[in-house]
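Contents: one structure, followed by commentary.
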Amino acid sequence: MLSTDLFTQIGLGHYLVLSALLFCCGMAGVLLRRNAIVLLMSIELMLNAVNVSFVAFSRYLGQQEGQIMVFFVMTIAAAEAAVGLALAVSIFKRFREVNIRYFEHLKG
Amino acid sequence: MPLGGVLFIVVFLIAFGCLMLWLASKLGTQKIADPVKYQSYECGIPVQEKKDTKISVKFYLTAILFIIFDIEIIFMYPWATTFKDSLAAGQGLYVLLSMGAFLLIFIFGLFWEVKSKALEWD
Amino acid sequence: MNHPILMATLLLAPFVGFLINGLRYKRHSANLAGVIATTAVVISFISAILLVVDLVGLPPETRVISVKFFEWISVASLKINAGFVLDPVSAIMILVITGVGSLIHLFSIGYMHHDAGAAKYFAYLNLFLFNMLILVLGDSLPVMFVGWEGVGLCSYLLIGFWFTDDQKAAAGMKAFVTNRVGDAAFLLGMFILFLSFGTLTFSEINQLAPTDPTLAWMNPVTLGTLFLFIGATGKSAQIPLYVWLPDAMAGPTPVSALIHAATMVTAGVYMIVRLNPLFLAAPNTMMIIAIIGALTVLLGATIGMTQWDIKKVLAYSTVSQLGYMFLACGVGAFGAAMFHLMTHAFFKALMFLGSGSVIHAMHEEQDIRKMGGLKKYLPITHWTFFFGWVAIIGLPPFAGFFSKDEILAFAFFSPLGHEALWAVGALGATLTAFYMTRLMALTFWGKSRVPKDTHPHESPPTMSIPLIVLGVLSIVGGWIGIPHVIGAILPGHPENFLEHWLHHSIKPIPGLTPFDVTTEWVLMGVSVTLAICSAFVAYHMYVQAPQKPEKVAKAIGPVYKVIYNKYFVDEAYFAGIINPLVKASKGLWYYIDVNFIDKTTYVISDVVRGGGSLVRSLQNGNIQVYAMYISLGLVATLLFLLVR
Amino acid sequence: MGRDSFEIIVNGVKMIVIFLMMVQVVPILVWLERRGSAFIQNRFGPNRVGPLGLLQLLADAVKFLTKEEFFPEKGIKFLYYAAPVSALIPATLAFLAIPLGAPIKLDTFEMFGQTWGPYTFLIQGYEIGVGIVFILAVSSLAAYTILMAGWGSGNKYALLGALRASSQTISYELAMGLSIVGVILLYGTFNLTDMVTSQQGPLSFLFQGHTVTLGWLPNWGIFYQPLAALIFYAAAFAESNRLPFDLAEGEAELVAGFHVEYGGFKFNLFFIGEYGHCLVASALMVTFFFGGYQIPLITPDEMLVHVQGLMGAGNAAAIVNGLLHHVVFLIKMAVFVWIFIQVRWTLPRFRYDQLMDLGWKTMLPWALANTILTAALIYVAHT
Amino acid sequence: MTPDVFLFWFLALTTVLAALGVIISANPIYSVLSLVMTMVGVAAIFVTLGAYFLAGVQLIVYAGAVLVLFVMVLMLFDLKHEIHAFTRGPVTGAIKIAAVGLLGGMIVGAIALSANSLMKTENNGIQTVIEGDSTKALGKLLFSQYLFGFEALGVLLLVVAVGAVALARAKGGTHAQH
């Protein structure tokens, strides 16, 4: 059982739980914060959580593919941050505010 | 294990810094209260109270471009370490050309940025 | 030389010309566009010659060059390649198309030089040639159909080239719609053939074609060939779908020469020749083809006698001559059909171009009543037109004589033919001699009726050179197919070259016995005599006694009226098909579409909109709420996975 | 007391020693810089306190410690204090990852009544397999120190200075990272120790299947990667925000950059951090391009044999050999540190747009060209 | 408790606390700094998993580049303390928190339930763990099997560079005030 191993040996389960917790933190941020930039940061957090589980699987299943995926995810996350922040700056220039509700004006 | 060493030295450095700051605050001369002294230092003239400090968008544009090019450079690192091995394995040309294609995109991006004057500071 | 490259050059040269002129049609001057287009076609012509030379070099049994460029369609058992095949039949066609095409392009440079849209015109013309070559060279029915539709499109575009004139635009539309009927039948025929044979490649269909003819009507071979023939009547202007061709004369005259006389309209004939083993297996279809062909000969010839528009006369003459080709196909004389196709292409293109030259000289006047005596103004045009005339009325030894008489002989002797068919053909030849002489007489001979303010002038060299070349071809074009009876008495005994050439591509008519030499001489003499007599009558009526025709017309009043009004076929179509169709469509639109379908959709859309306005509150544009839905969905999914 | 604990303690002490050494070098550098600049500018410089003004350092330290504690009224307390504390971290972490001397291989020996070893003692804080990546990673964290200081001071000059400094740092980080690609291509590894060992002996390389040897030149990276060395060193100047790249401080327009509101020991910590960057850059120059701790043309093992010839085999010889190489390293490093100082006092400043142009439009393309050229040459040489 | 276990728990705790800091602190600057802390923690966790190169990349890309950009943008905006840091709406708020809580609980529960099988995979996998120079293996894989993805990312980055510059320069599309 996990409980006996909890403080004696670290296994895949530990990393997965850590990843899940980080993911939930990120998700809470996405759901609850109003500042668009904090939202973007929360998304980065979620992506990182996924990366943790990727690397953990890669290590414990002995496959390099997981690390490649992490590499790609990082790249895409950075690209997303760049474009997201560029958008945020545009919004800020227009409304002097980065509250997420201003992004609703993008519809229609 | 290097990680333990790194963590140890980080903790040590923080402790060292805090200790020094604490020492300095203890050893420092007594404070002489003067409201003007604690104002922001702006070369002596009265502090300008302005709501928004105008900061050029250029700074942040530079940072965005930095991210992008930084990642492209990071991509070259695994290539650079394996290049000689690939040569020995007889796949040199293939690996060289695949990185060549990537570099072509990189150069095109750089060229575009220069061309579009995104890197000009006025 | 490399066959795929030559084939690609042959096909793509006009297409490249089309692209060059088509993409920059606003920039190119008429002359530049003309030179580009003509060069493209000449390149095509040269590659065609090179290819045919290679083809001649092959042994007669395997005289086929086939090139496969890529796999076009591959669905289950249906595999169609973008493949092209050059055999003796298509060799004749590509030479005619690119050769006559080059001449007509050359002619067009002079003819269109004053037109603002010349570059567009040349682009269309090149596109037409590209499609025509695809049609001719395609190795399967679908590939041919691509070209078939392509030439239809170009024909539409070129008939309506001066689209600002409503009548001309309408003529283009008429051609297009009429062709659609034929194309639908063509497609049906194709489907039937695919259902029964499982392939659409010509060579395979011809191999699979049953060797013993079947007389059943509801047989896939009969039905398939019948539908294909209906498709051919659309493209080749046969009864009942010929009505578009006379109207198609609204286009520029070189277009009429190229598309509506020499090449496109012969596509139907060519298609039947291509599938000759299949058609031979369906005697019922053959009978219908022969009868339709014969009727069309008469119809075209009679209407041609009464028309006053120089191009309309030629148009009906084309309909009539195409009737001869179908008659030949119908009696199984596919070689004769190809022969007549070729000679007709020469002399009819010549006559159309000549008429173009005349129209050009007369400042866009087409009414032959306002011409006459043009011989002295337009000597080159006259003499070339004269050779066209002797060719079409079938005077030996000019081109038309050999091909027409071969058809008539086959109609008489072939087991699929009938004496009546020969009689109709001979009557058609008589009438042809009459109306063509009438045309010559009214246009070039007799007294000038030219209005005082027009000053006819001979055309520039770019226009007269093609006329001369075609004139020569009209004289000598028939000599490649000299019948045995004549060959036997000529010095050196020239053999029937064309028959040899086509020997392996065309299936012999089952049960054909060698022709009886005496009978053949008699038949030949009868038709030639009839034609000469009729020509003299016409010459007399229109040159020596110009008041006579009116008297004759009055004497046979009602008949003349019917013929003059083209048998009221257009009117009948309007009353019988088009108007009911329009009325029914309007009814359908009002009762079915507006009152039923629209109302139903309104009800549906009202329900959806009502539901949507309920659901819309969920979709408030706030991405965080959307994210909440996603996470709730995740929770639900996980819950399901865990509980399961 | 187990062996593990002993090793952990030894390593911990070693790291602290290296750190303290680094911190202690800073006052010497300050003295050197002040004397050096005075020499360049025909002045005396500090010469009152102690012989040659050497005790000036001590006086400065005392002065720093006894300055009044100060906090600007618009500052943000946490950031304001966190910035100087974290200023030391990147440079120290990077410095500890660099091999400073040949590893000392100890045989078994007796101590505290126990037998220890055999034991390999690295003159290096910790050996990291991906050394270069680690150093780049930790030095990229230096931007936060600057940004925290600029933001935490609540002063617009400080903020502008911080933005300029971090913009400049990241711009030159590209050229630096790209010039390192050439180095990695050359050595085929991220490991700094492996790099150093592959530079041992005389210059010799493989070309089209033939081994070319130049016995009178050491096998240093500078001979393979001169352009990379130049770009790396220039970028290192810019990264440490020193003249001619000290736009972040720009006394005329920005007063003193991001540390305008700092004084006393807090300022001193920034100062140590800055000099730490100089040291790291010089150490990396030595490691990448100048054979690391190795004595030219002689490998450490050969040297060990010589030393053993003098002192007899034993742990003492090993220790002397290690320290000897460490001294060699320090000498090489001192050369580059001196160039730092010399450049600072001889070259004029850039304008900010010129600075950015240099980074993006000159050094980055050249570094790129170097990478392509290196790859092509390696390809040609190995096929 | 071996050093490995201690390290893991220490890093995990630091990382999760820092992550909580990201979403809780009302001042976005502290959010970013917490995020930097999280990234550093994640990098350290990568090291415990043997992914040294990735740890370095994590630091260079995230901590050294992306988050610097975040900090710069925040400075550009000069947003200090936010009065309404969290979204309003008690009902949706409750649903959101419940969703997050349920999701987290369920993932953790699922992992706990399947702990036995996870341990098994661990035992199976532990022999195949690549202990050697994983960076080289990474590079070889990247340039053989994942070459297309690699080149595609190159194009993506180019597009991002162009797009970000265009966006940053835009004077404000259809909603422009001027």
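So that you can tell them apart, the chains are marked A, B, C, D and E in the order they are listed, and the count of residues begins at 1 in each.
We take it that contacts are C-beta pairs under 8 Å (C-beta built on N, C-alpha and C of every residue); 3 or more make two chains touch, one makes a residue touch a chain.
Remember, predicted model here, so these are calculated numbers, not experimental data.
Comparing the CA-atom centres of all chains against that of chain A, the greatest distance is found for C. Highest inter-chain contact count (C-beta pairs) belongs to A-E.
Each chain gets a centre from the mean of its Cα atoms; the one farthest from the centre of chain B is C.
Chain centres here are Cα averages; for chain A and chain C they lie 68 Å apart.
Separation between the centroids of chain C and chain E, computed from CA atoms only, is 71 Å. In this assembly, the C-alpha centroid of chain A lies 4 Å from the C-alpha centroid of chain E. Inter-chain spacing, taken between the CA centroids of chain A and chain B, is 21 Å. Residue positions 2, 4, 6, 53, 55, 57, 59-60, 63-64, 66-71, 74-75, 77, 81-82, 85, 99, 106, 113 of chain B are each in touch with at least two other chains. For chain A, residues touching at least two other chains, in rising order: 27, 31-32, 74-75, 78-79, 81-82, 85-86, 89, 100. For chain C, residues touching at least two other chains, in rising order: 624, 628, 631. Here the touching chains pair up as A-B, A-C, A-E, B-D, B-E, C-E, D-E.
Listing the residues of chain C that touch chain A in their complex gives 620-624, 627-628, 631.
The touching residues of chain A, counted against chain B in their complex, run 74-75, 78-79, 81-82, 85-86, 89. Those residues of chain E lying in contact with chain C across their complex are 87, 92, 95-96, 99-100, 102-103, 106-107, 109-110, 113. Only residues 1-2, 5, 7-18, 20-29, 31-35, 37-38, 40-42, 44-45, 48, 51-52, 55-56, 58-65, 67-68, 70-72, 74-79, 81-83, 85-90, 92-94, 98, 100, 105 of chain A touch chain E when the two sit together in their complex. Taken in their complex, chain A has these residues touching chain C: 27, 30-32, 39, 100-101, 103-104, 107.
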